[in-house]
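Structures follow.
The two complexes that follow have subunit A in common; it is paired with subunit B in the first and with subunit C in the second.
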Partner chain A sequence: MKKIEAIIQPFKLEEVKEALKQVGLDGMTVSEVRGHGRQQGHKEVYRGHEYNVDYLPKIKLEIVLPDNRLEETVRALSGAARTGKLGDGKIFVFPVEEAIRIRNNDRGEGAL
Partner chain B sequence: MMDRLEQIREQFLSTADGWAAVHARADAVDQVVAPRFESAFGSGAASGVALLAVGGYGRRQLFPCSDVDLLFLFERTASAEASRDSIAGFLRDLWDQGLRASHSVRTPSECAALAANNIELHISLLDRRLLTGDQALFQRLTERLTGFYSRERDTLLRGLAGLIRDRHAKFGDTIYHLEPHVKDAPGGLRDFHAACWLAQLAGGPAATPEQYWPEDSRGAPLEARRFLFALRCHLHYFNDRDNNILTFDHQERLAASTDPALWMRDYFRHARAIHHLAQRLVDETATPPHSLLTLFRDRQSRLSNADFAVTRGRLYLRRPETLETDPGLVLRVFEFVARHGVPLSPETERRIAGTAPAFRVHLDRARRVELDLWPSLAAILRLPHAYRALDAMRRTGLLATLLPEFQIIDCLVVRDFYHRYTVDEHSLRAIQTLQDLAGSADPLTARFAALLAETERPEVLFFALLLHDVGKGASAAEHVAASLDLAGPAMDRLQMPETDRETVRFLIRHHLEMSATMTQRDLADPAAVEAFAARVATIERLGKLTLMTYADIAAVNPDALTPWRKDLLWQLYVAAHNHLTRQMEADRVAAAQVPPQLGSTEAERRAIARFLDGVPTRYLRTHAPEQILEHFRLEETFRRNSVAIAVSRRQEFYELVVLASDRPFLFASIAGTLSSFAMNILKAEAFSNRAGMILDTFVFADPGRSFELNPTEIERFRVALDRVILGKLDVRDLLRRRPAPPAQRRPRLLPQISFDNQTSAHDTIFHVIAPDRPGLLYDLASTFSFQQCDIDVVLIDTEAYKAIDVFYVTCAGQKLETDQAELLCAELHQACCGAD
Partner chain C sequence: MKRVFLAVCLATFLSATWAGAQVAATPAIPDPAAAKIAELEAKIAAAQSAGDNAWLLTSSALVLMMTGPGLALFYGGLVRRKNVLATMMQSFILMGVVTVLWAIVGYSLAFSEGTPFVGSLKYAFLNGVGLEPNADYAATVPHQTYMIFQLMFAIITPALITGAFAERMRFSAMLLFMILWSLVVYAPLAHMVWGKGGFLNAFLGGKIPTFDFAGGTVVHISSGVSALVCALYLGKRHGYPQQPMKPHSVVLSAIGACLLWVGWFGFNAGSAVGASGLATSAFVNTHFAAAAAALGWSIAEKIKNGKASVLGAITGCVAGLVAITPASGFVKPIPALIIGLLAGLICFFAVAVLKAKLGYDDSLDAFGVHGVGGTLGALITGVFATNAINNALKDPSGHAIALGLADGNAGQILNQLWGALISWGLAVVGTLIILKVVDLTVGLRVSKDEEIEGLDLTQHGEEAYNLEG
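Moving on, here comes the complex of A and B:
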């Protein structure tokens, strides 16, 4: 099993959700996060004042899935989240040791 | 035992009599508990221990799945220690009988020693009942407690009031939850019992809360008690555990064939009666004799005037009978609440609720004689405690009388995963959210607070918030359109000015748009920002829509407006603000853009098109058609006299419109003339058309009230301005005669001057932030004129003591060179410091 953590632009959430649904993935955890990568923050000018926008609002998606679903999911996710500009985000993939459904103690991929 | 409990259940399901069911369960449990205790400890005095029922069980009110609260009373701690095993065995026995007991072991001295951090213990002992055991020991406890309650009465009353306040705060201080907790939420059963305890503490064991309730309305809390007892029994039987949340599913089930939303209104009516009862008891009994609160209330009592008395922090009418003869008093009451935040006394609230019919007649009469109701409502909305006033108006039914449109969302439950409150509560909370912005220490929130502080006519925004969701009462699916349909007649009845109505319509129509744009559009994409900015059209509307969005999200539930969302909202605001500011001077009106509703004949339309030719398009967006027509009509005077001046009063401010032929120093001269009459310029805008006619508008305050107290002064000003514009009088002479402004103590603010040659295609933009002072605008504008610069567009704004001015400037029709702009910055800086 693998865990995908993806940081994407907030306005891409609906598109990404739709793309994941197309490849048969419904379950995910969504969080509102703030941060920056190479995009860095930027300076915004308001009424002649400059102020720093250090951390930009982003969305973090977390998905755990069987190994054999990984490639198509990453393809769907990155395809939907891409604008081609700086700030599109990142996808991280981690190995997952175990999954347990709390309700009935199902384990492994059956618990996903 | 089980059979008996099943019988009680069946009886309840057929009669829905919760009061009978809880008493029957308590009796049934008595039958189980007492014999088992006696077999474990012996009976009567021989046992050396008394078994007490406390809390709900002590009151003989045991809900189907509630715990059985027991207290083992021993004479001495040592005997309690020795009985540990017997107690454990006894409790196991009860568990085997299916009874969940929670117990405590105490001596009479422990019960009668004040435990400041365990007020709940003392409260639970108010409802003590001897089940079995040593009666003499119980008697000794009662004697000690009588002395204890009398000695510690005030401490306990204050402690209990504190517990009530803390519990209410956990529920956002409102009864209006979509899925209420029927025990702990405000207006729940706990409030009813708290009222009983307050009454007992204040008036002795036999006292009941009804004694503190007006005789003619004692039925309401008792009926509510009946309703809530039955409701909690239903929930326990259905959930088969002590779960007291009235979920959407339960609402549907209990409403049966009725509309669940209507059924919930019944719930809120009862919860309101119980909440009032508890509130009243807190007020009547738990006022500390000497405390900061008392000092504060004493100070508040100095607010009393000819109409109202403020006593113990509550507002009373001096002559309640005048409510019948002077219905205007009702609105004055709410204005007083909105100004000072003093809540109505229950007495006043009841009396005002009783005047609703008379008030309705008054409103009808006011409409017939075209009395302006809007100014009265606007005055309430503008004040710092408007939320409190609106809440009191809602409770007394006056809000529904004034705005029947609000009635359809009264206590309305619209099922929604995110919303926590009923629709009416959400709308009022949205207003409260904005009023609470001031003074926030969080830098992100402070930005929105600053935006509100500089918002013109915030009452229009608050009014839009009041009505933005009324459509949910008509059509949950298309509520925006339905809210717009309902807001129209409301604004007609209030005879609101057309410009305000337009703003309200705009805000309601677009109230969901900003929140959707910020999460669904790329804010770094200029096209997305441009499309949004085009819909908003003006900076003024943008500010109001931003605040409306902020309030609307924040009032959904306490966690909805995360810093993340605030950040996104602010980013969209800044992006749209910058977009609207930058395009300001670029677009000019062409004949084809003139709105068709301007002008009744073809000839007039042509004349208007000529008048508007070359004026920045921003002018069309910031002025209503009737204002544009007023300006157009002034043009005739301008043609005849080479100058046209109009001064009009707009509520607390004045507006000056000047049409003249452009010449150097013209803008500065007008600003200087206003300053020489000691007027305080709050806003100014300069426009010009292709024919070289300038149209300058100034909004100014008259701090010395010279125009108001002396009407000929306006004429004197007009004549002086006319002569200044025509070059017959030097504004510097006027300024020399100007009375010295009073010295003011203000926080020190250093002027900040910057220029921007990038964002505008044709102009250099100067931003000036400086401490405001009389004559500042004249000095700044003159500085540009001395450098042979033309001011194309000027935006003057004043935020508290701070002037925030933006000038779009050219020199000989071109942008300024960098060194020239830098020189100007230095001179503007000098001008800002000139008067210091």
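Moving on, here comes the complex of A and C:
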């Protein structure tokens, strides 16, 4: 099993969700996060006081899936999330040791 | 046609005089015409009283709205999310504290006759403050209407100061400070400027006749200057200015500022204490100054930072409302536009340039907006005040006297300067003494740990935005 952790632009979430549905993916976890890679932050001024805002709003997707589904999922995800500009985000892939469905204690790929 | 009319008038006048002479000669017989006139006069007086009272009660509610949602939201949005409830509470609780204080002794100290500097205890517990009008202050409305209208000013004034010590003062210390401040600074200053026999009262026998229509000195200089003293005495917030302390919601502040703008019509136009032409004049001036000041601040910001911000526009609007407050019942509409524009530009400079240079932490700019805007307004009232708008002051022959430079009375600017200086002096000295007393008794600041954790949790045991809620 593998876990995909993807950081994407917030406005790309709908497209990514649709693309993942197309390749038959059932579940994912989504959170609102802040951060930055090479993309520059911006300046905000409140009553003359300047703030450099480095941490920009992003969406983090977490998906756990069987090894054989990895490639097409990553391809669909990165295709849908891409604009070609700085700030499009990153995809990280990790090995997963175990998965357990809480409802009935199913284990392994059967729990996904 | 004109001649016929004149002849009719003359005949009417002669017959009336004749009838009057007859009545004088035989007072025992009641004259139905005189009785009718008296009855009509009473009806006219009742009608005027109804109109004036309706407007003044409405205005009182509008001024309370400035504190309740208005200032609480304006300030609440400017602090970090861990302090928003504590900041709103500082405004809200004053609606309770000052009201009780006002009923017991506050109104009496401000508005009963006493020395030129403070009132007496004549109206303590509202003794003698009933539904009969008080002719000195407002001849056409119940005395209690005037009392409750003035109470709303006494509530918002200390609430304005809370902007200076936001995010770091103990709740108990803030309560004690405000009680003492209301008695030691607000009541005497209100008495001097608006009370009968007050030292600065131009209309009721003051030594230095100062024009302050709705509270440039009493409300804005007093609160703004006291705010500066508080900011300097308490010191900076932990981490200021290195750590980011962005407003947590400019949305809340924008709603608050709009409520302040609307509430200010009660503040200024209500200060005409009647539904009169003077009230219209103050209403128009208030609106014009707010509009021009919002533009003034935005233009200055656009030039300096490249962008006109929402926070800038709403802060400018409030600065304009502050500056027009003393002038609102004395000046014409175009000078009101000029006053607003100047307030927007000058207060922008005070907040965005001067504060950073001087390095004090007036968290929400109570001084930069109210102290600076209030002083500007007090002085400039002496320039533009004209008897074409306000003719309440008459010389012995019954002619309206010259008010400001606009009427050729340049000396009034000096009177205004005196009024501003006395307000500054009382605010500085009074606030310093009160801060010292509160510091030695309950302690002014929360601990560093409490400040980092936030006042909402440490002072009130609540959080504003509950994820699990």
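Convention: the second predicted complex is superposed on the first by the 103 of 112 C-alpha atoms of A that agree within 3 Å, B and C clash if a C-alpha of one lies under 4 Å from a C-alpha of the other, contacts with A are read in each partner's own complex, and residues count from 1 in each chain.
Heads up, the rule we're going with is that a residue touches a chain if its C-beta (ideal position, glycine included) is under 8 Å from a C-beta of that chain, and two chains touch if they have at least 3 such contacts.
Every value quoted in this text rests on a predicted model; they were computed, and no experiment measured them.
Asker: Given the superposition on chain A, which partner contacts more residues in subunit A: subunit B or subunit C?
Answerer: If we count touched residues of subunit A for both partners, the winner is B.
Asker: Between subunit B and subunit C, whom does A:103 touch in the aligned arrangement: first, second, both, or neither?
Answerer: Neither partner.
Asker: When the two structures are overlaid on chain A, which partner does A:57 contact: first (subunit B), second (subunit C), both, or neither?
Answerer: The answer is first: A:57 touches subunit B but not subunit C.
Asker: Both subunit B and subunit C touch subunit A; at which residues?
Answerer: On subunit A, the residues that contact subunit B in one structure and subunit C in the other are 44-49.
Asker: Could you please specify the touching residues of subunit B with respect to subunit A in the complex?
Answerer: 518-524, 562-565, 567-568, 571, 574, 577-578, 752, 754, 756, 767-769, 804, 806
Asker: Give the list of subunit A residues in touch with subunit C in this complex.
Answerer: Interface residues on the subunit A side: 44-49, 51.
Asker: Report the residues of subunit A in contact with subunit B in the complex, numbered from low to high.
Answerer: 9-11, 13-14, 32-34, 44-49, 53, 57, 83, 85, 87
Asker: Enumerate the contact residues on subunit C facing subunit A in the complex.
Answerer: It comes out as residues 241, 244, 246-247, 301, 304-305, 307, 309, 311-312, 315, 348, 351-353, 355-356, 365.
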